[in-house]
Amino acid sequence: MSAKDVLVIAPHPDDETLGAGGTIARSAAAGLKVTVLTVAAHMPPLYSEAVHQKTLAESRKAQALLGAAEPRFLDLPALSLGEVPVAEFNGAIQAVVKEIEPSVVLCPYPDRHIDHRLIFDAVMVATRPVGPGAGIKLLAAYETLSETHWNAPHIEPNFVPSWVVDISATIDLKLQALACYESQVPPFPGPRSLEAARALALFRGTQAGFAYGEGFHIIRMTSAVEELVTGV
Amino acid sequence: MSAKDVLVIAPHPDDETLGAGGTIARSAAAGLKVTVLTVAAHMPPLYSEAVHQKTLAESRKAQALLGAAEPRFLDLPALSLGEVPVAEFNGAIQAVVKEIEPSVVLCPYPDRHIDHRLIFDAVMVATRPVGPGAGIKLLAAYETLSETHWNAPHIEPNFVPSWVVDISATIDLKLQALACYESQVPPFPGPRSLEAARALALFRGTQAGFAYGEGFHIIRMTSAVEELVTGV
Amino acid sequence: MSAKDVLVIAPHPDDETLGAGGTIARSAAAGLKVTVLTVAAHMPPLYSEAVHQKTLAESRKAQALLGAAEPRFLDLPALSLGEVPVAEFNGAIQAVVKEIEPSVVLCPYPDRHIDHRLIFDAVMVATRPVGPGAGIKLLAAYETLSETHWNAPHIEPNFVPSWVVDISATIDLKLQALACYESQVPPFPGPRSLEAARALALFRGTQAGFAYGEGFHIIRMTSAVEELVTGV
Amino acid sequence: MSAKDVLVIAPHPDDETLGAGGTIARSAAAGLKVTVLTVAAHMPPLYSEAVHQKTLAESRKAQALLGAAEPRFLDLPALSLGEVPVAEFNGAIQAVVKEIEPSVVLCPYPDRHIDHRLIFDAVMVATRPVGPGAGIKLLAAYETLSETHWNAPHIEPNFVPSWVVDISATIDLKLQALACYESQVPPFPGPRSLEAARALALFRGTQAGFAYGEGFHIIRMTSAVEELVTGV
Amino acid sequence: MSAKDVLVIAPHPDDETLGAGGTIARSAAAGLKVTVLTVAAHMPPLYSEAVHQKTLAESRKAQALLGAAEPRFLDLPALSLGEVPVAEFNGAIQAVVKEIEPSVVLCPYPDRHIDHRLIFDAVMVATRPVGPGAGIKLLAAYETLSETHWNAPHIEPNFVPSWVVDISATIDLKLQALACYESQVPPFPGPRSLEAARALALFRGTQAGFAYGEGFHIIRMTSAVEELVTGV
Amino acid sequence: MSAKDVLVIAPHPDDETLGAGGTIARSAAAGLKVTVLTVAAHMPPLYSEAVHQKTLAESRKAQALLGAAEPRFLDLPALSLGEVPVAEFNGAIQAVVKEIEPSVVLCPYPDRHIDHRLIFDAVMVATRPVGPGAGIKLLAAYETLSETHWNAPHIEPNFVPSWVVDISATIDLKLQALACYESQVPPFPGPRSLEAARALALFRGTQAGFAYGEGFHIIRMTSAVEELVTGV
């Protein structure tokens, strides 16, 4: 356990890579411990157990490539999270926050996929700046190709990044990790294709002053200026 | 003059190509008359006359590639539009709307560049659904690489597309036209580089169901459903 | 089955007429096939079976007046949609989209009535630009008198039309269809009275350049310009 | 001068009637003193002196019908307000606030017309809750037919009422006052026609629980509950 | 029963004091009847019966200090409101509105706490301007320290007051009432500490022209101007 | 010149202290070089030269207390910034950015005071992530007591902090610095009184997990995670 831990919360296997793969790889390469908590799973009865095991294996492989720490899976059934009592659901996520005591938490933006919304809500409760959440210096939401961009314009919240991390050095690793998800990544011009992921990174990066980037919506930051610029 | 004319309003040379180049090329290829009205110019005293002539020449070359009709230039000085009296400025744009009687008007999104904002305001007045503006079936705003994405998140308006045109067949033409602007297009990873323009088109396209697209924010549409689906 | 089909999704009987009756009538008169899918019903145990049958009969009569195709009813219990598992609920709507393959989908704006919100969410999933949703050229949300205007200002989304259809030729038909809903339409000054419906249409129309109109919030359009202006 | 004075600020002659005519008439009938301050005028050089005098006369006639107090005109040239130094412009409006010491101020919503925006800004400065503004109990913005509804959806602010005044008893007087503006009111289906004004009032009213209403966006209210319910 | 009744809806014991304690005290002192309806309770199985009884006792004591009328408790289990059928939940709140016939309703802003959101939704249905809700002159949402300020910026709605009540004369009473909630109020610098409550009141007040204030977001007001200024 | 420089841009003397005084003091105490650029001055003809000199002296004294570096004053006339040509105005601010090469830039939120808006616009241009702006790791806007909270709710942008700096150790220094501005700070309950400044800091701090804080709206951050947590 370290004050510099990073916790990435993924609704389903692949979301952590789509949304923050380059940042995970860069952070890990810099010596930080990055733990990915995957909340939901493609499991029975909606999915076969074979699919379940395949996506878990893909996730382990992708996370290893990125340099993340031992993967954590809550293994709750995808598309049925609303059936878990709220207090229990919030508690399951809060327990991980309490155990890891992360400095940085990255979570999904609330978007088209109902699991992303329910997990966003639970993360927001689990990371409140009291109790286990008091030590979190930065809470930010990442975008998930397709789901995030399918929110209805100006009816539902629309993603606009306030934070862009330079992932020029890890874009290739991100795409290799994404390629591990054979069951989830469609060929071009699929909305989650490797080409789409590269294009989004190039677009975010060039608009922020570098080549490839990952964009985040900052929800709460409490770092002091001297903490922010120490590593510059 | 035809009921099917398209009018694209560009603040400066290159904005029409960055924002709507693929759509211009596709529309022209389909037989529509597309006129580009460029409002401001890089002219003395802020710019040399040589720069002025060079950008005009680049614009003529790019527009010819895209298949646009005879270019129109208002030749007002960039960064000094606020010094033109409002009634006169609105009138200059309204005169073109009155003459062309377009069915579709594409204008810049109000963004980081003050000229884009002032022109947006003037277009909004010139296209009101009365008098010369009554025949306009569709008014939409395009995004301009860098300027549009440099609006402050959640303080200034942030671009979210409600309309995406499939430009898979004309993306190459768009990039060729953009390459004509030697004075304006920086090398990668510049925010207006050819690579950034291609990435944005690929991102917009894949999120809308195809390969390459151009995104627009629809401001006002008055087409009937039977008009909309006739060409499908 | 035709590439030019229109699908109107109504939470309850009368919503399709309140929100899009004039557009349905105009589209049908122009030769388009317009199918109305009514999702929820005023059925036992919250309502008597007599009320259920009466509202179904009113809906059939109103839809016939407007010229819509054979009505579709999912017959799910009003105010209990949240109890249907999400995957099942989304699937029920998606099945209709898959069967009809519409070019245009009109759905309710998410507003005061919880059924409208849940159906909006399900439609948004069912019409994503992949699989059966890839052929949809236009997805838009209509306003429902009273429910839409009872969203809390600036806390919940507030309806602002980006698309207004000229229904001057069909406003009378719309009001006749609305009058079929004897069980739902209160006398003036009721919020869903015939007078209120006429006033809203006149207000929307005159602000858009004609006499009577229906306003929509465009969520996603992928038509090309030459498709849009062909019918002008 | 009375603690119960109402000040209505109109950009041009007719805006006070379009936006708040029914409320002015109701307030005056209840014994309140309502003063209308008209800021801009249709005057030379953009308009002829004949037009100027005609609109002033129309305004006097309309205000008399509504029962307003002696009209106030700043007589600044329409469409040229931006040329008045900011401190001077703010000061001119602040001087009237200081003199009248109103309890309630009604001002235009910032919309399509640039004069409305500049006047909105100046009113916001003049009514700050310090000095002469400290006694203002309620500051609210009214909607102006056409201009307010021509703001770009979701780019510019869009009017949504948080306050609706029941003008069922004064709707006829409002329309008679509006009819005084022969130079400004077009025939149906003009966006400022009498029919459009009646329809908007009926729409606002029926959605708020009565027959005819005028909608306002409350900017700042400081009344106590016991003050609010005394008159109920 | 009186036309001047005020109904304050509190999700849990202490919310009425945090959000509107000063306004309750001022209104009661002015002779109005103010009823607090507390919807949820800290009860078994999530909380012990001892906690339940303690919070009820604290609430009775605090409300008595503020001068509120006989307390009303719905006693629904906190964090499980979503399990009550929607029609039943809305009905429970609507029954109280029907019985009390309030002129003014104050409800929680929809924020971080899911109970606040569900109660907000139910209040919005129960207070619609039809039937029992037609007599409500003012519906406004109060802010709850911590929960309201933990909504995600620009993703979820963010509280901005349009109405501030001067509670300079009752701030001490508010803080005394808050101190009754021994089980809920943490020491400074806790987010719901007495110091935080005083600071928020001082901040809201000084920005509105006086010393201490309580801020509200007005959702719907239908008072006439002469009603508003009678008590001034 | 250092890669860790902080640049605070103040519209007028006192804004830097009101908005970021505690953060300036904390950063300076931690060894960072913090430069305050004051753009406008209370100078003739709107103000006397005596006032001008007094406010400059107050600013020097306050900045010295906070530990800021040598003060920079552009000495442009308050309330007349709009009369400076845009290119020249942007250039004046950009020149300072170019010279200082800051890692962090803090600027005013665009609010009620027109100078704040114009300076915000110019800063946004001067700090674009190209040229001299490419090295900026963090750009954020601070709130200014009264002016920021007098923006019209939901018409103009409303401040909601995404970043709160713990200034518990420097709140006293901030208030001492504020007290230096004898000409600007009114007694309680003035909107810029010392009591109001302390209350805002206590409110922001307690909602973020500590005692006193300063809130900022993050516009653009490009730090990597390992840079962010190095100093934690």
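Order of writing sets the labels: A, B, C, D, E and F. Residues in every chain begin at 1.
Throughout what follows, a residue touches a chain if its C-beta (ideal position, glycine included) is under 8 Å from a C-beta of that chain, and two chains touch if they have at least 3 such contacts.
Small disclaimer: the values here were computed from a predicted structure and weren't measured.
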Chains in simultaneous contact with subunit C and subunit D: A, B, E, F
For subunit E and subunit F, chains touching each: A, B, C, D
Chain pair among B-E, E-F or C-E whose interface repeats that of C-D, sharing over half of the contact pairs by residue number: E-F
Relative to subunit C, chain with the most remote C-alpha centre: F
Copy pair subunit D, subunit F: interface residue numbering same or different (half cut): different
Relative to subunit B, chain with the most remote C-alpha centre: E
Inter-centroid spacing, subunit D versus subunit B (mean Cα positions, whole Å): 36
Inter-centroid spacing, subunit E versus subunit D (mean Cα positions, whole Å): 33
Interface hub residues of subunit C, defined as touching at least two other chains: 129-130, 146, 150, 153-154, 162, 190-191, 207, 209-210, 217, 219
Chain contact graph, described as a line, ring, star, complete graph or other shape: complete
Complex contact set, residues of subunit F against subunit B: 85-87, 109-110, 121, 124-125, 128-130, 141, 157, 217, 219
Interface residues, subunit A side, partner subunit C - complex: 46, 79-80, 82-83, 112, 114, 146, 150, 152-156, 190-191
Subunit D-facing residues of subunit E, complex: 3-4, 6, 23, 26-27, 30-32, 103-104, 129-130, 133-134, 137-138, 162-166, 207-210, 218-232
Complex contact set, residues of subunit C against subunit F: 153-154
Residue numbers on subunit E that touch subunit F, as the complex places them: 145-146, 149-150, 153-154, 158, 160-162, 168, 188-191, 193, 195-196, 198-200, 202-203, 205-207, 209-211, 217
